[in-house]
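Starting off with a structure, shown below.
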């Protein structure tokens, strides 16, 4: 039967021992959505056109958060990421920002949490910078889209 | 017209000067949802009944993240929170965990970001601990429910 | 009956709400001991006479650790310490270093954990710098000696 | 003659250059003791039976501290630990909690400090969570029990 | 005679006790210069016109560094800054970027180190982002321009 | 034409992907200068003779900062440095302290930023410890002196 790997037989939390896993090239892609009022979206879009500052700040926050994932998520391993990218798509129809984070590493363990953390903190930063005009914004659909590498190989959302 | 407070007139990112704001008692409540497969939910619930370790680890991660919010969100002020609480409700119908974070501080600035960060990181930690059996879990509906204190006073979701 | 303040009625870990406590001047004094081989003690002492580097490095480590106590101890509050002092006494008879850490703050909560953390990390640093010649060193007697301020007032070891 | 490796010929503190050491599998085991009043022990034990929260929080704190050892101990190298485990044994006879931390890494340098730091911070966290009922608790016998790997090979306490 | 406040009578490093100082409004202004090849300056300027990303990233880095000054500078106190601003002036004549950082706090201790740290880390970030085309860039003239508040009152460079 | 590697074609900040670079032995040497009043220099020198505490504290601060470079400089990769050395030369003629930092790593990316960060933070720490007697001190000439390893090979200041 399937088991939660972060709990041992007695139900005790533990950091999974990855010492015997093979080192391989790992990649993970995660996404998130920040849904806002159309008026908030317009302000963000205007800023984005002129300077892009909200999105640049959110991108930096996401990249920095990926690097400190091992400090945020208690049972995550510290990793030396070879790359982190955080990109944004402005969707005027849905009045939302779509966030996509990609992390890569050569390691014994995957980078799903790093990608999810990058997307989440980028979303929180957008919320922070726009909250004075729209406290009701919602961060939603934080999800892994795909991952590659490691023993479990390739995984893609929707193709389970 | 409304303006994004974290951008000055030239669209440049800045940390809002709160030096002239009055110190007042602040509180913010944020929520998040982790939606999973029914089988994953059962494993989590069993663990929860026996030891509660997944939820305890997630609670600690959320509390710790609230304290380092100023380090994660670039334009947030560092604060000395007087309390952080992170609670969970297991919803078997919806096969999800409902997270609720409450932060309090006596300060010149609010704690919305701290509460949202606590809820988000608690959710990410649940994902981390269950991901070996269910990579498709989704973190959703990260939202501010209410905030009190400060010049803008009380705000409650749904009553704008 | 006495209760563990960091657990609520349901036994759930929480960060104690200090929002209603009075702000007062707080102080805590903690001590620790690093016991070593006489030969290790002599090497440390020689270094101490010439340059003091082992002890200076340990002092800095202890001071820095006190400042990040809220990040190390999950349910501790972040504090702005007004002073941290870490001092050492070389005891040739017992072949050990006696460490004494004093922390002060004007706050709603005490600094016992900050002082204990400063003493512990100073001790670990001495161990680190001498371990190549003596892996068997023992850090012992980490204890609060006294604390002042707050509702519970003055407390002194041995006078309970 | 034996020398303190973290001091150069002039007595100046330095971070030992491990660039020429061979990468090997390293492990270290460290222990610590938290001695308390019998009444405190009973409260802890009751909590442990019902929920285990004090020990789970202490375990998480120890694991997190091991990961940030390079930030706490000035001349330690940053490492990517492959595993950290922190376990507890409740000893009613001695009215104490025995802590055992095991760290592993594939690296050019050992993990003694990581294991000792994990044990120490787990002990400090137990102190924190129980201090309201027993300020006189003592953390003691923080010691390396054994280490493996590296040029100096296997070392075990008591068999020098 | 003047004395170094961070050393006590015995020449031992210490964190100055600010517990008896009055809380007052503090401000400090620091500057730094990044001197580069004219070709590097043109690339930076072009980026700055189109998107401003190098300078936005450097601004965020400076603001974040100011907030963690107490973690970087061993004997600095942790502070809750009420504002941090980092601004840039592009000087084509001198082929350099002029950085100006302003920090404010209501506190018992000043923010000179926070402003100097913000300017330094912003400068280092500009170096990082341009170093692939110009390793010879020099960061220079990191200096306090003025400070206000506290017992020593107003200080301005050049008017001693 | 030369391009800023940390900006992609659209001028967006990114963390350069180093996943395809070869692992090689890297080294970087950076320097910095702290210029002060002759009287300040004498106080520092006296302290240096007696105990060396200002310089030891600055050395530790520089080493610690090198280790957290990836946290300070947004687009830097986290690295596991194999060594960091920070040395000082007191120059009575110029009434300044000359700082020299050397970092080494076996990695896919260089350590220029780590060496520059170590030198900068060591300089800031000297400023901090002497500022009570000389607010006008200037940190200057922060520069890379040489780097080795990686695809671009050896680079030395002045020999471009």
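As written, the chain order gives the labels A, B, C, D, E and F, with residue 1 at the start of each chain.
Everything that follows uses one rule, which is that contacts are C-beta pairs under 8 Å (C-beta built on N, C-alpha and C of every residue); 3 or more make two chains touch, one makes a residue touch a chain.
Note that the coordinates shown come from a computational prediction; the quantities given were computed from them, not determined experimentally.
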Open item on the list: Using the contact definition given at the top, which chains are in touch with both subunit B and subunit C?
Closed with: D, E
Open item on the list: Farthest chain from subunit F, going by the mean of C-alpha atoms per chain?
Closed with: B
Open item on the list: Report the inter-centroid distance (CA atoms only) between subunit A and subunit F in whole Å.
Closed with: 32
- [ ] Round to the nearest whole Å and give the separation of the Cα centres of subunit A and subunit B.
- [x] 16
Task: Where subunit B and subunit F are represented by their mean Cα positions, the distance between them in whole Å - done: 37
- [ ] Pull out every residue in subunit C that's touching 2 or more other chains.
- [x] 12-13, 51, 53, 56-57, 60-61, 64, 68, 74-75, 78-80
- [ ] Go through the chains and record each pair that touches.
- [x] A-B, A-D, A-E, A-F, B-C, B-D, B-E, C-D, C-E, C-F, D-F, E-F
Open item on the list: Per the contact definition, I'd like the list of subunit D residues that touch subunit F in the complex.
Closed with: 12-19, 70-71, 74-75, 77-80, 108
Task: Residues on subunit D engaged by subunit A in the complex (per definition of touch) - done: 25, 56, 59-60, 63-64, 67-68, 78-85, 87, 104-106
Task: For the subunit D and subunit C complex, residues of the former touching the latter - done: 2-7, 10-13, 39, 43-44, 47, 50-51, 53-54, 56-57, 60-61, 64-65, 68, 72-76, 112-113, 116-117, 120-121, 123-125, 127-133, 135-144, 147, 155, 157, 160
Open item on the list: Which residues of subunit B touch subunit D once you look at their complex with the stated criterion?
Closed with: 51-53, 56-57, 60-61, 64
